[in-house]
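All chains are identified by letter, namely A, B, C and D, in their written order; residue positions are counted from 1 within each chain.
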């Protein structure tokens, strides 16, 4: 009746909840699936090819680093985090971006963004956003070439092979589609030409905004509805909490309504801010990354509000048309500071850590 | 209880809700263990100094006879759990995670189970409160919820600090365990009488019995038993681990928060376990010292799980045999799965604080490999003390114990919620136990250092004193010699004298 | 030229005066780091470090002529504390530390010569001439001074036995995935 | 008023002294091991920069410019900065001995922090008004403090990470600094016109 021997003393508890890291990653991937499939449909085969090139590169980058450090490769890859990093990066790229953008981005995300810091859980910046920002700064032109929606089975849509040729650059980008612009980019360029928003948005060539997402934009960022559905799934499963998405979207909405109210000719409306660009994807999937965001409720509210505020500032006054990636990185950098100043109150102590007064 | 209430049932913002696994063991009727042949009674079954044996090998003792007396202020005596012969006083494996040995008295039972003379009290409320505390202490009653703090010490504390409210802990939030549940169902009258004696002993005006709402029969039984006493209220509390922890139960029932580094009594409440109250009842009304307890036998490797009434000192192996083991248990746990300790083998005796023995099958004992922390924050949400387990563990991992202490390591109650919810299966509790132990070891070595320094200083002082005394003695002898010589010289012709050894040299 | 000399002189004088005043106003007594280090040392003056007593060793550690690992009885724990105090980082893996030790008298070969008790820095050895000596466990620092003095080799250094009261949980093994680093 | 507020923002974030102008890198790498000392260093440097900007403006406009002593600019500026740093050192030693110990050699080294002299020279070169140079210096110093604090926070967390041996220490700190400037690129071209 001697029980099995263990190497050392086994500490309590002798029970565990069902949650595991691969399970979390799996659910996040599942939540991304609707928006991704919609993106595939909307932008056709080149988007599919870009997706697998990017995620493949991210996974390869991770595997390469693990091999180099002589760590076991398979168990780490199985946690699904590299897949998710590549996936999120792919969703944030222009759908017809060339293959090398996906490769460079994917490798940069997992190698420089993550493995250099020691792998999962140790990185300080969101790997996907690090890669996104690096690509945007290094290759501003291809990273802001947008495709008008060209649904997969429609007449002009490129087929599988044409898609490959577009992604891998052998087919010159002669498709009319390539000349489209996002709403933010359009509004900005029109504003700089001296056309105010009231006129430019009323013009016939103005990009439209739609809840389902039939507009020009990044591969997986256009369908606010599907992204929000995925986000609600994660909320329901308690994989993420409401604090960051709520604080981020509420802050964007607050500033947008404030500024739009002051001068509708210069500032875009709340709806455009929330439904266009990367706000939804950022709020539910990127800013909520466990590793690089604070882990107390108050800290998460501060973090989300910060991302929202910086997003609005960069979108409205900054040099780039979209600011979510920068805002996320900047708030990632501030996370340790936020964590430090938003520690929860310990039972029996006040906020500063001194024991409570004895009050019989 | 509508659906609405089920969905929005209020639960505290802390803690976890593990599968409770209490059935079918909790519903199996209480059984008595047949008397084992050999009982190993450890000397340290309580918080404080170990008891000191007062019997000799070979001596015959009766059930309930004092075999080891309390030593010091915080300690408890130990009594013979059955009648028989003392066959050894030596070391046995302690019910302790280290698996190290500790002193125990071995009794070979004679099978008669003859009680020694008992001194029951008909009306404990006629005694002075001090006398109740004295009798409780003499009966060796300690906290039976697991903390094993000597009960009488708490009585005196409560009386001194004018405690108003007695909280009776029937939480039993640990999964698998049902010994408190059982005692409330089967001996509710004893529990209520015991808690009234405790109230009287500490001078409390009201008693709140907190019982988790997953034990409806216990709540009903206790309500019936307490119906006659207006100042005893049975209060169901949400089933949420760790509701049975003093601080959390006090907060749930009274809204009061015990300040850090303070005792509950300082905010006017005192917590006693239901089983402790029953033991107080037996000690006073029947004059029986604490020599047996109800132990929950549970776990996937047992064929007949349930609650057993067993004498203290029974080897775990006897309990397991009685409860029927299927195959070889993958792990033996003393206590509950959240805070219990792993037993190295089954020849460990049960002690006063042993609320349960869990024999896990392979699936239950599965230890998942620890992965890296992904900072998901589940642990911070689960922590009932408002700590940041992930920050503490990462600092302990990097050997920054002082940093971990800065995050409130000393406030950790070791409940295991954080490790339970961790998706990376990081053994957080072990990190904290290690750090706490290491910090207190450092504290000890600092005290030892100070003691050493004092000893070294005393030695220097001693050497100086001895040198001084030697010098003084030499000087005195010289003076005596000189005087003697002078006297002799006065009588005879003075001789030239050469001093052989100057005093200063003698002193070196 | 003269203007430059004059203005620089004036500037220097003014700033110098201001700083002089400030130095008076904000004067602080320098704290003695030697005293702080000495407080951390075991204080038994056993001499194993090669210095005449703990105060000397503390002075040597403070001025950098002795490493923080100089004190054998202090072991790893002391080296860590000293390094933290002095703000230096050290590699402790090379420091041999068998944990605390104490001297034990083998009672069957002790002849009661009293030589050991004379060198014990903490008076931890008791025993009269021709009587078996004994080591007081609480007072022994494990410095080892007595070991060589014993003519019959009756003194041994042994690790302090671990008891249930003093046992400490081991630190959990680092994450398996990171083991290969 | 708005102009000064915008100047403050632009000097602190858009034209950050460390991440965009690459001044003051020595304390940025040296005193960023923990947040407390980083904050202390940042505040001390803020004080020095603001005071130095004010003092050098006075020097520039009352001494150097009227008497045509421009060739003494660097010399006199250094003199003033060194005296200010000495003063700060005394104050810190008196009021925060722990911080004094933590900052160590980096406290007197504020004298040679190129951000201090650089900002003073820039204000002189751009012929700013007194108030403007004060705000300019203060804003830049705030940006320096902010970045130092952020970087210290990140490095504090890095200290707990299991970093591959090849990148441990300085290499990773440089990578981290580059990623941080990548993030700050988001402020590039920020204009409120």
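Structure notes:
Definition applied: contacts are C-beta pairs under 8 Å (C-beta built on N, C-alpha and C of every residue); 3 or more make two chains touch, one makes a residue touch a chain.
Note that the structure is a prediction, hence the values are computed from the model and not measured.
Path length between chain C and chain D in the chain contact graph, taken as the least number of steps between touching chains: 1.
The interface with the greater number of C-beta contacts, when A-B is set against B-D, is A-B. Between the CA-based centres of chain A and chain C the separation comes to 53 Å, rounded to the whole angstrom. The distance from the centre of chain B to the centre of chain D, each centre being the mean of the chain's C-alpha atoms, comes to 56 Å.
With each centre defined as the average position of its C-alpha atoms, the distance from chain B to chain C rounds to 36 Å. The set of chain A residues touching two or more other chains comprises 9, 11, 69, 118-119, 122, 339.
Chain C has residues 169-170, 172, 174-175, 177-178, 181 in contact with two or more other chains.
Looking at chain B, residues 97-98, 371-372, 397, 427, 430, 433 sit in touch with two or more other chains. Under the stated contact rule, the graph of chain-to-chain touches is complete, every pair of chains being in contact.
Interface residues of chain C, counted against chain A in their complex, comprise 169-170, 172-173, 177-178, 180-181. Of all residues in chain D, only 63, 67, 69, 72, 75-76, 79-80, 83, 86-87, 90-91, 93-94, 97, 101-102, 104, 162, 164-165 touch chain C in the complex they form.
If you check the complex, the residues on chain A that touch chain B are 1-4, 6, 9-17, 19-21, 23-24, 79, 81, 119-122, 290-291, 295-296, 339, 343-349, 353, 355-360. For chain D in complex with chain B, the touching residues are 159-160, 162. Remark: chain A residues 8-9, 11, 69-72, 75-76, 118-119 touch chain C in the complex.
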